[in-house]
Amino acid sequence: MAVTTTDQPEGQRAELEDPLVIAGRRFHSRLILGTGKYASNDEMVETIRAAGAEMVTVAVRRVDLDATNRESILHHLDPAEFFLLPNTAGCYSAEEAVRYSRLGRETGLSDWVKLEVIGDQETLLPDTAQLLEAAETLVAEGFTVLAYTNDDLITALRLQELGVAAVMPLASPIGSGQGLLNELNIRLIKRRLDVPVIVDAGVGTASDASVTMEQGVDGILMNTALAEADRPVLMGHAMRHAVRAGRLAYLAGRMEKREWAVPSSPLEGMLA
Amino acid sequence: MSASQPDGAIEIRLNGKPHMATAEQTISQLLEQLGLDPRVLVVEMNRQIIRRTELGEIRLEAGDVIELVHFVGGG
Amino acid sequence: MAVTTTDQPEGQRAELEDPLVIAGRRFHSRLILGTGKYASNDEMVETIRAAGAEMVTVAVRRVDLDATNRESILHHLDPAEFFLLPNTAGCYSAEEAVRYSRLGRETGLSDWVKLEVIGDQETLLPDTAQLLEAAETLVAEGFTVLAYTNDDLITALRLQELGVAAVMPLASPIGSGQGLLNELNIRLIKRRLDVPVIVDAGVGTASDASVTMEQGVDGILMNTALAEADRPVLMGHAMRHAVRAGRLAYLAGRMEKREWAVPSSPLEGMLA
Amino acid sequence: MSASQPDGAIEIRLNGKPHMATAEQTISQLLEQLGLDPRVLVVEMNRQIIRRTELGEIRLEAGDVIELVHFVGGG
Amino acid sequence: MAVTTTDQPEGQRAELEDPLVIAGRRFHSRLILGTGKYASNDEMVETIRAAGAEMVTVAVRRVDLDATNRESILHHLDPAEFFLLPNTAGCYSAEEAVRYSRLGRETGLSDWVKLEVIGDQETLLPDTAQLLEAAETLVAEGFTVLAYTNDDLITALRLQELGVAAVMPLASPIGSGQGLLNELNIRLIKRRLDVPVIVDAGVGTASDASVTMEQGVDGILMNTALAEADRPVLMGHAMRHAVRAGRLAYLAGRMEKREWAVPSSPLEGMLA
Amino acid sequence: MAVTTTDQPEGQRAELEDPLVIAGRRFHSRLILGTGKYASNDEMVETIRAAGAEMVTVAVRRVDLDATNRESILHHLDPAEFFLLPNTAGCYSAEEAVRYSRLGRETGLSDWVKLEVIGDQETLLPDTAQLLEAAETLVAEGFTVLAYTNDDLITALRLQELGVAAVMPLASPIGSGQGLLNELNIRLIKRRLDVPVIVDAGVGTASDASVTMEQGVDGILMNTALAEADRPVLMGHAMRHAVRAGRLAYLAGRMEKREWAVPSSPLEGMLA
Amino acid sequence: MSASQPDGAIEIRLNGKPHMATAEQTISQLLEQLGLDPRVLVVEMNRQIIRRTELGEIRLEAGDVIELVHFVGGG
Amino acid sequence: MSASQPDGAIEIRLNGKPHMATAEQTISQLLEQLGLDPRVLVVEMNRQIIRRTELGEIRLEAGDVIELVHFVGGG
């Protein structure tokens, strides 16, 4: 973990060189954002900028031929400013997810895909059997696969064996905002994997992001926590700070918890 | 596969709905007719992805199943 | 709550005008730091700067006449850069705390005091009866009193009645690093008081700070979490972000938690 | 309270310990002798705070209890 | 801790001699119940019996001269079956609480009182200053005082010094059902006090009772968790088991938590 | 949920008819125990009796031909008193687990098996892909399969489709004693499945058992929490009560949590 | 304190409300009149608790403040 | 598979270790020799489970792999 504080006169503006590297590509931000459910495209873009995210996910869908506005989200998200990561949201089988992945790649932006295979409509939990099957196919076809999965270590290890570029376990169900329900599982996954671990789904507010990063993971992907905040742009700022806070605290190495108190002021030198 | 119409019109399936196209029309022509910019969408025909460079060469036939997809906001 | 995003081209650097105001004095940072237990004075100062704190606490102690180095901490903390807040740490009675407060004021820096009256050596929990007595005396003598107390609403209300400038309930025992043990009590205190509420003691890592600020409180005072981190300066950066993250998330208004999932990508437009 | 020494030396209590001072010495002189800068410390004598401006006026007597305090790191 | 398993042929019915002793009086049950808010007196009595409680609290109120039914709760709770503990619920000053205590004693049942002095209508949190004053008066008048207080160790120690028979810290606000919000404070109080510690208020369901008893406290007082359950009698049975479960687990000494797994079946003897 | 309180004069001894039914077989106790890691066979049997368990798991291992004591655990556990459930602990593939299942069945006691396929030595987490394969084979061979799995709903649904008799998700890793780490996942599984859900592994103390049962699950299997307690027999009693407490509280329907307090004594009738 | 009525009736304050009682009436008589069982209640008169044994001896006077209390369900 | 010994002894693999048995010996005889009660164990021979009723019929041959298993404490 090579962390260097950049040389500068004022401590409070010090920034750290601590990039997120996935498949050889460097990102300065460890926060990846979804682009769904915003009230407007302007709000979405402003929120992403507030959050400082460089990578954002997009979905592959039919052009709506009945709508007057048929414009792609590319009109609002300049690929020169943001790295676009197509997802396979809404796919319920390996076959379907592979089809969407190929369509996403054909836009010509990159061969990256955020692979999701959903197993249940109510919970949107992943179907890990189908996920593994799709991951195998896509890796063979040269895709850079970031795999959305549950918080099961065994599945995460298997995904890594298959050659995915990053494993993306959930904190809690998509859009639930319940935060990190099982810290242990996320820690286990991070400790055992070599590829980056990005926690995807379930973060609801800033402290959820901090506590998640404090487990040592490499990044977080979120969407609803921003899009459904009362003030999404402000929440974007909050999340930018929260992810950095959690990351830095992890690197700084927290104090031990104690059952008893320890004074912060000296015991000696008290007056008689 | 399906019957072509007497006046040179053919029926295809476009984004899940029946659509009348002109026989021998290329996909590029179809997109132009629909007012769509080929640079920000992807075309799938009969479950095969069509490269952007081929859009001007491939001609529609009756019964073709065409999907026009692009990126939308999603998480 | 007048929060204004400063006008600027790049969202990711936007900062908010959201000062902490205590007794009419404005602070840009909502983080107050103790200055005890650092390995060196240099590390202390560097950590405070990394954390962006403007107000720091100091203890009043005898000059050590046996030591070769008898220098005051004022040699390291320039009152022009930092606002120094003398505390009464180590005092076990109202009388003692009043004596230390007067000595602290006599340095001529200000009439502010962080008032502590400890009730028990093992837990360093406050003696609220003595605290109230000392607060009454000091307010009458013109002190600006910031009162370290437990998380009891009734005591907090009584302190406010007595005229303290800020109420400082604990998150958990001093130096324990256990984080915010009782979110409800802190929320109750914040909702009912008009004077600023600064959570003092118990924060252990960045997410503790975020979750504390998310309760709506006005600021946090910490010491051990920084001084005992493996790398205090890095933890200073972490805490600067964490306090801001929690504050912004509070202002942004978090999404509702749900038991069920909600997709982030559209359900319509799936391929046949 | 306590006996002054024959040679004009008096015993005071300084920061909790016995200390021999010169009779009639001012507090300023004591501080100077100790090599202490009066601008960064506070003097309490017999439980009374002594203003900085008075340090040169007040003279020590045998039995005086002097506390010299300053700021140290604390949380 | 002298715990003896009674001799008997079938393990599953084994009961333990582990009485709660307050002011020299032995109770077999460590569960004390309030008698308010039940749909009917019959349901109240049936619930108390299901819970196996021997001590129940009652309030002192004016006879309602306008009501046709002016009967005392003594018509339903036979003092030969239950030990009645008058409370001072609803009192906001030491003076008022002392007055109610004397009225309660005058019924001639006992000189015990569950002393409450409320400090705030919204939260029903105790006013510890008034509480200490009332406790001092009542102890001097020969009362056996069981003092409802917050979870502050310093106040608890002071109550013990004043001579109360039991200290009754809250788990969370009266009627809130939030469970034990601050395990540490309850553990600290129990470790430091010699008089019995009975957690009073806040328990919402069975596991709250178990986790509370596991901190080592001597008993629990509850009311709303039973009276507002969908089926109070069933919840009475649940709480009887829950208090015993938590107590026994405390006495049994739980296993250590581990970050890693340990098999329960032997590693040796596997087939080739 | 047909729950009937048995007719009887004294409420405190009332027991409920609320059997656990798996594959048509009724058990009075909802607590299933492992038999590993006890200091002695006597302690094991006494603990099981204290816990009131009817079903206990056993492992299939080679007879140790080098030991003087080659006796089977059947010398200590009479199949007339306890229902023995062979497990496949220690198996790392579907093939291995099927082999052990067949050997266990050949003892002639029953065709039940607690199916485990471990995916990782350090965490003992299940390999769900191998588990599903083994379950399919064993169901086809007529086994009554109780499948130890992780807390993933999708895998649980698939196991049910394959025809297992019960799904046994973990609370936390085997032998870790960390308790129920993800309440939501267990609730999701229980709500969606028709076959019994038995939480298996991770319970550490009584309140863990209560809180687990309060999610609505049908039973709990534990081993280490008893075998590694300081006093296993006492912990057996504790767990018997804890499981019943949690079950009854679930059936009784707990009160709603509130942020504010509600008095348990009447507001009317206060003195002037 | 307050005026007694011409016909021998006096006004007292009973459980917070005005109440007309007979002059010279004992508390026992008052309770009987109200149909209350003295064994399950406690009487406070003018802030003084009245022992059960004294209920038959103490006579009401105009302006007396009487509180009759008993146990009700409470937590 | 493996060589039988001159004196009628054969080598088998028993619970993972080499074991010398008598040629033509039945499994029942082997168990008796080992002092094991066939009612509380299960025999697997060359990956096939041997029913209890067949133990007296099946004869050992050199190279046989025998596993004798039973229930032990486990969770």
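Residue numbering begins at 1 within each chain, and the chains themselves are lettered A, B, C, D, E, F, G and H in the order written.
Here is the rule we go by: a residue touches a chain if its C-beta (ideal position, glycine included) is under 8 Å from a C-beta of that chain, and two chains touch if they have at least 3 such contacts.
Worth saying up front: this structure is predicted, and the values here are computed from it rather than measured.
The chains touching chain D as well as chain G do not exist; no chain touches both. Two chain pairs are in question, B-C and E-F; the one with more C-beta pairs in contact is E-F.
For chain F, the chain whose average C-alpha position is most distant is D. Chain C and chain H, compared by their mean Cα positions, are separated by 75 Å. Chain centres here are Cα averages; for chain B and chain D they lie 97 Å apart.
The mean-CA centres of chain F and chain H are about 36 angstrom from one another, to the nearest whole unit.
Inter-chain spacing, taken between the CA centroids of chain E and chain H, is 64 Å.
Within chain F, the positions touching two or more other chains are listed as 34, 36-37, 59, 61-62, 87, 89, 99, 122-123, 125, 173-174, 178, 184, 223-224, 227, 259, 263-266, 269, 271. With touch defined as above, residues shared between interfaces to two or more other chains in chain D number as follows: 16, 44, 67, 69, 72-75. Considering their complex, residues 14-17, 34-36, 40-42, 44, 47, 49, 51-52, 67-75 of chain B touch chain A. Of all the residues in chain B, the ones that touch chain C in their complex are 16, 44, 65, 67, 69, 72-75.
Partner chain D is touched in their complex by these residues of chain A: 263-266, 269, 271-272. Partner chain E is touched in their complex by these residues of chain F: 3, 5, 10-12, 14, 16, 34, 36-37, 46, 48-52, 59, 61-62, 64, 87, 89-90, 99-100, 122-125, 173-178, 204-207, 209-211, 214, 223-225, 227-242, 244-249, 251-271.
Those residues of chain E that touch chain C in the shared complex are 119-120, 122-123, 125-129, 132, 150, 152-155, 157-158, 172-173, 178, 181-185, 188, 192.
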